[in-house]
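Next up, some structures in structure tokens.
Below are two complexes that have chain A in common, paired first with chain B and then with chain C.
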Partner chain A sequence: MVSSFCWSCLTRLPTASPRAMLPPTLTPQRVAAFHTSSTLLASPLKKKSTGNVAAPRYRQANSARMKKKGKAVERARPPPAGERRALRKRIVLSNPNALEVEDMQDISAENMVDSRLHGAVLGLPVPMLDQLRAVQAFKPKQGWSIFRRPGTVMRRESLELGRLIDSISNNPEDKGKVVKRVLTGAKGTGKTVHLLQAMAMAFTKEWVVITVPECQDLVLANTSYAPLSDKTPNVYVQNEATAALLNRTVTANQKVLSTLKVSREHPALKSLVARDMTLQDLANIGIQDPAAAWAVFQALWTELAATSAAPGFEAGFSPRPPMLVAVDGIGHWMKETKYRSAKFEPVHAHDLVFVQHFLSLLKPGNNQQSALPNGGILLYATSGSNSPSVYSLDVALKQVAARRQGVTPSSSNFPQPAAYSKIDQRVFAALDAPASSIPTEGALELQTMAGVSRDEARGFMEYFARSGLLRQHVTEEWVNEKWTLAGGGVIGELEMLGRRLTVPAQVE
Partner chain B sequence: MAWQNPNGLVQAMHSIRQAAPLRPFLQRSVLSASPILSASSTTTTTTTTRLFKQPNSKRSYATEVDSVDFVAAPPVDLNKLPARLVPVSPSYFSGSPKFVDHLLNLESILAKHAHLPIVESNQAPRMAWFKLAQFRDFVGEPVPTKKYKGLLKILQRLNRIDRKLMPHEVKSTIEKFLRPGNPYDLKPAPAQVDEMGRGRGRGKRKSSSAVAFLVEGDGEVRVNGKTLVEAFPRVHDRESATWALQCTSRLDKYNVWAQVQGGGTTGQAEAITLAVARALLVHEPALKPVLRKAGVITVDARRVERKKPGHVKARKMPTWVKR
Partner chain C sequence: MPPRLNILTARAVPVLRQPSTSAVNGSAAARRSIATIVNANRPSTTNGLKFVPSVSVRMSQRWNSSGSDGKDKPEGYKGPTEDPLPHVSEEAAEVSKIMDKRCDGVASSPELEQGTPVSEILQRDKNAQKHAPKVMQDQMKNQSGKRSFSTSARRMESGLESTNFDDASAAMVANMVAAVNEQAAELHFGEGLKFEKPTKAMAKTDNFRSRYDSLLEQFTKQLMRDGKLTKAYNDMSFILDHLRTSPPPNTSMKRPLLPGPSSSQLPLNPVLYLTLIVDSVAPLLKIRQQKGVIGGGASVQIPVPLALRQRRRQAIRWIIDSSDKRRDSNFAMRVAQELVAVAEGRSGVWDRREAVHKLGIAGRSNLAKR
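Moving on, here comes the complex of A and B:
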């Protein structure tokens, strides 16, 4: 090896050579020709690589770490795909060990307006359970599995809803009336069960019930999506989800839809629609061919919204029943989804045509037709447990309440978003629903669910006792205590307290 | 040294008691701070009546019925020199004569008034006796702790004598042993419900501190403006926060408005317990025994123990490393 030390020019004398302090160069420098090796200097910044590991950090154990001998983990075969999910989503509506509550009435056309039943628990009729399951009215963790059969408390809000459904169905003055509500409230206050009660009442009155049981499913990018058409590349259709919606609707409303006939041409579906087809068969086209699902859903919606038949179709036309549209968890529809556009930008939920359709119902109808021309109720609930925090939605809901109270948007009392906050104008636009010019169509209103009253809590707790779940005398004092512990009668918390096995405290 | 020996003082006192009959023959000294001699008369009595055991006495040691009238020796006649000079207090040679004099005095007073009716110890007025260091300053002698404790026992027993029947002698003797300015007299004025009907209480637990306002109502609870459920997701915490009201069956009779800060969930809940209990006492002071039994009067003063140098945490030591 040639010494890097040049004896003639002494370039590499170790004594304070200024060259050595020069920064290293990457290319070989031109030096005297008899040097055979390059004069690249070692990087002075290069750290010495030490063999031992770095010193332990703050609060890290500095003792020698022994390699643990691997435990013999019993690696069982994981359950087949979908089994865990099925177990998680399983809904059990009956518990044969629980006592049958005698003289418990079922929800029926008569007693849903009966104010004497205020605070009582009414059962859901057993034949209706299949319908309710079809529209996914039950959620897995609502505690249905501890009772003999499902029942719900008739609270003040439920009775008011019952009267509303009854009057829209039977009262000629209220025919075609549309009520639009957004349900809010803290976690466990009974928003979803309120939707369930509304569905049960609507089924007893033979309404058409259309539900979106979980808004999150549409924005999680779990179902397929595609641009709606070449003309609208920024609007997306979810065919599978629409087919599932049609499936829910047909299964639950089979009795009603099978009696209604098609009342007009549907050019989008071309020859698929026959003249004498029932609406059930119409919807089945979309279920069988998800590619056509959105067009079928639009056709079905037009048919359900029809007030009269088109010329030439009058023969089999029968008036359409009112509709109940129940949507749970709209918070997820107020932000960007997990879907991506062609430019790989997040797609806003309002760009999904499915979501657009349901949100447009909150707006006043156009062409002298209300959002639901045959009348009905829109119930859109927020969620307390599974809800993204959308600031714009919070403010927009406050604005809905203020508008309902007659505060004009130009007033200083009208709630406004905080300055410099990030707001989503599309959320404000979606919920900005001024009063409609059509007399039957009500303005959008906000219903805040809170705790139940003490009487209602007592009825609920007596239901626990009579089901054999609660081994205590349900006294007024005891109910009051639980009412306070449940944060002022939050019914989800009352249910938790009721099913908890307690030993009464002993104070001498 | 007799002080080093725990039995030294006992032996000394025993020898004094034995020597008592010889006292009249001994001489009197001029200066004395002894309480025995200041209270004693100069008359001589026969010594045979002084030393006897009371038949009813429960005490195990010999007790003088009357304070012993030790008579000092007559003035020294220098022309006629006595055998030796006699100190004023018979306990002069015990090493702590003043203390022993006090003790003997108290014992004799107690023996004299043992028959008087007494009250329960918690009914007797609370007295601020001298602390040990103060007592040592008072007598100017190195009194051992255990001996002083024995003296305090006699004082407490004397203090239990019914106030109405307590003789003046006992009262005045007891008062000598009190700290100046009775600290137990300085009691804060009991809290009152304010003009809005609110009772206010404060409580602390761990690192949390809470203020609770209690008004008559129907069982609404707000913690930092939130409902009980929002503030405490755990049922146990909710129960402990409202426990003072629950155990007195007042949960549906008051509304609670609490502010709490610092610490974690459990600390906050239990700080509220204490605050609510104190606010409830403002409304209903008679509930105190019930609340004490429920355990919401006693303050849990424990705090996080500090970390020490050389330790990993408060107590934990670093693991041993070979190199």
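Moving on, here comes the complex of A and C:
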């Protein structure tokens, strides 16, 4: 743009416009507004609030919250209560797709002593399965579910047990004989299945079978507990668990218990017990009223241990059968429980009257009566998979074995706990069972289960093949290979190898 | 004095020296080195220059064929090895007789010091033959050209094949060598093996990495979450047990499984069952979106064939994906139920397969534009 004045004229003061000469007006000029809306004046300055715009709520996070992208909202509702547990504990004993093994015999009174069946798989009789289920002889992960029907290998220990049960039942010399055993062994060596076989054999001989299928259930603080009485505030009774035990016993032994009659007065139960009552009815009292369960169990035990009737009860008395007491997982009974005393101190398992009863059976009987006066077998198994490590129990079991071999406790060879180790004297006291003065009562023994022999392994593997589950030639060489892979015939490992689907070896 | 060695005849010296009188021709000459051939032909090239360019031609002929020997030799020419020479030690003896007449019995040259082989002395001296030990005489008498035992083990050796042992001792040594070889052949089982051949070939299971079926391995790896392979193995064994124990599938007519055993037999062979399920829903192809073929930024769908492993991978992927819609809380249970649903033709995986195949058929025309 060209300037309106020339450079030479710069010295002159410009008098640009006459309007500039007008004096400023003091009064506001009223100018017609172009807009009709009123002027908006700026609001007076507010004081700026420093810091938080809005004060955080109580316990609200101060930091900036970002929306999380990764986490998808779980829309599916969880399954109903108890469903998962039922699925976990479900026991399937049959697979209709598997082939029926021809000429497979069932466990019976005849063949449980037959040494020709050593290494063969014997089926469990189908009518007995309900009884075995009632005493919870089967465990969920034992692999029964892929076979047509459950069967067990007759191994050397099983045959020996069969002969024992047979002789206690039939042999007049062994009448009233008591065998007390603690079963140990590595994981998967067949301790629980050995108990199962003992139960099956006892059922065939019509014994009374009393079981504690899982010791851990009694010490987990899952069932109710209360002091036994005012006199013994440190001993606790578990009524619900006792009622469950009575229920198991009645369901499994209904046939036997319904034939036996009450043989004496039971002052603890007063008028609840009638004179002509069967033992089944007696036990049902405890099932229906858990508060009386412990007293009922004691009464039932007294009846089963009776060798003769009290005066006045002779009419309906019949001799009591031998008993099998099977307890699985006694490691949990050798330490403090999850229960608490009134002083909030942990309750030791030996303070539970239920546990006390079963552990006292290991001791020699008193009053010139053995622990099981009518004879029978005590089988107490440790667990390989679910066992707390109790050092005192390990040493005590070694002591049991040493005592059985004739090593006296005063000898230097007698196993002793390591010096300065924390030991539980009650465990030693519970398993310290000297030889009994009663001739029919055997001393406490330790039976260690190990792997099966190669012949037994072969019989087991042929069972897989004949059930159609193993599509391979079961040869001597193949069985030996699996036997070795299974840690020297550990039968739980053999079972896993049998159901594993490897590529079959090419046949030349 | 060094022994006189004819350079032209220099070759790997055999243990048993060939008699100098035997004609050296045929295949033996053909096996000579190239240099020897060139040297041997040099006298003929001196006859006329016209032969010079043909040397290489002849050389190649020599290498390729052995039957051309002697054709291009001049008539009167005697081969370099045809000139009979006495044995080295005999020659040395001759020379020493001429050169130094020593009578004290001390050998004047290393050849004389080492002595002459008995066989040569016997060959030369009829009198010595007569008074030779009985063993040697027996050997010389029995020299009939064939032996009482088989020499088949040595028949393959070309160096000895054409050799005819005309002296008894050589035959004797050959007998001993053959006997030893025969013993060795008996020991080593005939096939050049040092030890006995293994009776059983290596089975696939003998390698622990391939003890499971390949499909099983692939499926298990795809079941794996967060790198927990052991969990995946447990899931897979659950799935196989479910296939074993669940009732045989009611296969639908519309969506049948691949041909195999009847459905009632499938649960007892769960690996085959699983293989049939996966292979039945495996797509044959995938659709590739390819840009820049028709221009304008548009992409065309081109069907691409899949290999077996790729097909299975896609099918497993689909099965696991559609199993996620199930309600069961157990992952392995969901997959197992989905597998049975596929076997019975109820699963949505079949629809996905059909959709891909339909797209593939539609995209066949695009293959020409590629």
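Quick note on the criterion: the second predicted complex is superposed on the first by the 431 of 508 C-alpha atoms of A that agree within 3 Å, B and C clash if a C-alpha of one lies under 4 Å from a C-alpha of the other, contacts with A are read in each partner's own complex, and residues count from 1 in each chain.
One rule holds in what follows: a contact is a pair of C-beta atoms (placed from the backbone, for glycine too) under 8 Å apart; a residue touches a chain by one contact, two chains touch by 3 or more.
What you see is a predicted model; the values in this text were computed from it and never measured.
S.K.: Answer with first, second, both or neither: which of chain B and chain C does A:Pro79 touch in the superposed model?
M.R.: So A:Pro79 only meets chain C here.
S.K.: Counting only touches as set out at the top, which of chain B and chain C does A:Gly119 meet: first, second, both, neither?
M.R.: A:Gly119: touches no partner chain.
S.K.: Touch test for A:Ser63: chain B only (first), chain C only (second), both, or neither?
M.R.: After superposing on A, A:Ser63 lies in contact with chain B but is clear of chain C.
S.K.: Let me test your reading of the model: by the given contact rule, A:Ala98 touches which partner, first (chain B), second (chain C), both or neither?
M.R.: second
S.K.: Please indicate which partner A:Ser145 is in contact with in the superposed arrangement: first for chain B, second for chain C, both, or neither.
M.R.: A:Ser145 sits against chain C, while chain B stays out of touch.
S.K.: Give one of first, second, both or neither to describe whether A:Gly384 is in contact with chain B, with chain C, with both, or with none.
M.R.: A:Gly384: touches no partner chain.
S.K.: Which of the two partners, first being chain B and second being chain C, lies in contact with A:Asn480: first, second, both, or neither?
M.R.: Once the two structures are laid over each other on A, A:Asn480 reaches chain B alone.
S.K.: Is A:Arg471 touching the first partner chain B, the second partner chain C, both, or neither of them?
M.R.: A:Arg471 sits against chain C, while chain B stays out of touch.
S.K.: Shared contact residues on chain A, chain B side and chain C side combined as an intersection?
M.R.: In chain A, positions 500, 505, 508 sit in both the chain B and chain C interfaces.
S.K.: Across the complex, what residues on chain B touch chain A?
M.R.: 219-221, 227-230, 235, 238-239, 242, 246-247, 249, 251-252, 290, 293-294, 318-322
S.K.: Could you list, by residue number, the parts of chain C that touch chain A in their complex?
M.R.: Answer in residue numbers: 200-201, 203-206, 210-213, 216, 237, 240-241, 244-248, 267-271, 327, 329-330.
S.K.: In their shared complex, at which residues does chain A touch chain B?
M.R.: It comes out as residues 61-64, 186-188, 477, 480-481, 483-488, 490, 493, 496-497, 500, 505, 507-508.
S.K.: Chain C touches which residues of chain A in the complex?
M.R.: 76, 78-79, 84, 87, 92, 95-99, 145-146, 468-469, 471, 499-506, 508
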